[in-house]
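Here the structure comes first, spelled out in structure tokens, and everything after it is commentary.
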Amino acid sequence: MFSVTVRDHMMIAHSFRGEVFGPAQRLHGATFVVDATFKRAALDADDIVVDIAAASQELNTIVGALNLRNLDDDPAFAGVNTTTEKLAQVIADRLAARVHAGAFGDNARGLSGIAVTLHESHIAWASYERPL
Amino acid sequence: MFSVTVRDHMMIAHSFRGEVFGPAQRLHGATFVVDATFKRAALDADDIVVDIAAASQELNTIVGALNLRNLDDDPAFAGVNTTTEKLAQVIADRLAARVHAGAFGDNARGLSGIAVTLHESHIAWASYERPL
Amino acid sequence: MFSVTVRDHMMIAHSFRGEVFGPAQRLHGATFVVDATFKRAALDADDIVVDIAAASQELNTIVGALNLRNLDDDPAFAGVNTTTEKLAQVIADRLAARVHAGAFGDNARGLSGIAVTLHESHIAWASYERPL
Amino acid sequence: MFSVTVRDHMMIAHSFRGEVFGPAQRLHGATFVVDATFKRAALDADDIVVDIAAASQELNTIVGALNLRNLDDDPAFAGVNTTTEKLAQVIADRLAARVHAGAFGDNARGLSGIAVTLHESHIAWASYERPL
Amino acid sequence: MFSVTVRDHMMIAHSFRGEVFGPAQRLHGATFVVDATFKRAALDADDIVVDIAAASQELNTIVGALNLRNLDDDPAFAGVNTTTEKLAQVIADRLAARVHAGAFGDNARGLSGIAVTLHESHIAWASYERPL
Amino acid sequence: MFSVTVRDHMMIAHSFRGEVFGPAQRLHGATFVVDATFKRAALDADDIVVDIAAASQELNTIVGALNLRNLDDDPAFAGVNTTTEKLAQVIADRLAARVHAGAFGDNARGLSGIAVTLHESHIAWASYERPL
């Protein structure tokens, strides 16, 4: 199994609902360093997993739609806690939708899965992995 | 599949028995940067994998019981080489026992696995992964 | 010259005023990984720069007063942009005040300077350095 | 499942053929930080996954055969793009051949897989994983 | 003293002339992770050291002129070894020229110095620091 | 001012004497990731600060004399606490002695200073800097 990972980041404000979050129920924020991993069983004819320039661009567009915003104001997250693990899922699902829409080019047909890791600090991170 | 990881560390002395260890048979030491990963298939009602404050606290307690000690003197390790991979297993098993004892709260029932990575230097690390 | 550095972090919301900030004028947030460095010309009688446990505790207290908050609501920052470089200064000055108040113990008398670095992402950070 | 990882690096020149590579079709270069991971289900009698000194030495020999060279001149890569993911495969396969040749000693019989990750920068890396 | 640092990278081929370089006299390559630091004694009216977006853009332009190339073919480096330390100087000098040309805006008048660090691997890096 | 830094590491056991050290008075250990920085005002005729191969080798020899040992048994440290900051000084002084002994070759005559940083964990490190 092969994989290629590209890194980007976003800086957002948000708050959580639920006693389990303690003081994180207050409005606060985070820098999320975002790693998006693309997987496939065999390399394509160019000896690559995916066009890394396309992958970086698509990740940047998805992250850019969240960056420098208060996620509490985003209707896409109504009724949801924008936890690190939840945001990993959101970004992975949005990347998957772009793969299926053909945004990664023909060579992306062989992709079998996507994993997204969000680092919220030097001592905590979360991941979500899904098939394509 | 979702995962959340928290990081802590410990600074211990130990020695190894066996020719394969060469000069590491002498009493020496290590800083182990310890990453504990908790996995589950779906997020709970709060949109989290695990209460991250509880996870950090439990890891800190387990690591704290080893920290700033000579592991050669710990009866728990009699007859065992406290290699990086072995200590990863010990910490993962102790975390698993705490999950089963209910220390992570009700939302931890959905956890499916634990992985622990110990970094012994900038150029070497070891992991152990197990189901819950 | 000797130095000792300890690391902590905080996760805050804030916004900036001024055209130079572009989209960062919107409410957003950041994880700041905070490195506090203590400097002195010669080691004390215990062969240390500073009691590292005290240094970590003092940094944690100062960072904790900012952590998980919206800095736009903090009267201490009225009329100020809480940029990475400004926050580095604020934390350095608060640490310096604690040194002068004796919080680091007698052995801290020989400290000559403090530097604070805040990492806002994997690709940007800022520092402030001052004498004691 | 246990794993042990060791890190090395190499600094090479190369170029790519194919429109997908854009300006990377020109002769350029890369530092690859190389992580080689060895996996097995149970520890051996010494409580280790593999002799870490042997693993480091074997990785260093394989990386050394590529280091400080122009890969475009290496007959082993004729007709192949030496992408990060392709090189991860090459190094993993060469390590596997050495394991099968007995270079890691008797205790390596229990190894079940190898994974190799090449970091090409702070924002991109690729991996290849295979059974043994 | 305040500073702000931004990070970028470039992937180049080159070779060195001189016996001291040993096998690095062969054509090879490197990824250089490039950190550019801007220094000033006091913050400007916006509470910043420099417009970080402008700084990132200027660094990207300078690095982009070297990226994905064989530096042996660049007339700017005729008769010079493009060592890590030399390239740090080149990038710092080019950034300084852009500051003096007004590319960083009016708020850059207070800048007092620039430092550039190039990381050539996880175990080696070089820096050059100069006044403005 | 130019500088070049090389990284190595050592894994040692030790204990401290003095109430300020609390539980670290017990025998414990550490991995120290060691960064040695060499400084000079101008590059030599080869466009380098120092022969990086020689620098790496000299650092490795000095670190190797401490590695995989209990520093409490080393007569060189009688009556001294082998704190992170103290060990930084010891390594810097030993490197300086080697420079003065000619071990770095003729091109090392222009070196003006050495700095050594020891990382004891992901959240603490210490440095010592001295002229040559």
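Think of it as A, B, C, D, E and F in the order they're written, each chain with its own count starting at 1.
Rule of thumb we're sticking to: a residue touches a chain if its C-beta (ideal position, glycine included) is under 8 Å from a C-beta of that chain, and two chains touch if they have at least 3 such contacts.
Just so we're clear, the structure is a prediction, and the values are computed from it rather than from any experiment.
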Exercise. Report which of D-E and A-B is connected by more C-beta pairs in contact.
Key: D-E
Quiz item: Among D-E, A-D or A-C, whose interface repeats B-D's (more than half the contact pairs identical)?
Solution: A-D
Self-check item: Furthest chain, CA centroid comparison against chain B
Solution: E
Quiz item: So which chain is farthest from chain F, going by the mean of the CA atoms in each chain?
Solution: A
Quiz item: How many angstrom lie between the CA centroids of chain B and chain C, rounded to a whole number?
Solution: 31
Practice problem: Round to the nearest whole Å and give the separation of the Cα centres of chain E and chain F. | Solution: 27
Practice problem: List the centre-to-centre spacing of chain C and chain D in whole Å, with centres computed as mean CA coordinates. | Solution: 41
Quiz item: Using the touch rule from the top of the page, what residues of chain A touch 2 or more other chains?
Solution: 7, 122-123
Quiz item: Which residues of chain B touch chain F in their complex?
Solution: 7, 9, 11-14, 23-24, 26-33, 67-70, 120-123
Quiz item: chain F touches which residues of chain E in the complex?
Solution: 16, 18, 20-22, 80-86, 88-89, 122-130
Exercise. Please name which positions on chain E make contact with chain C in the complex.
Key: 1-8, 43, 46-49, 51-53, 56, 105, 107
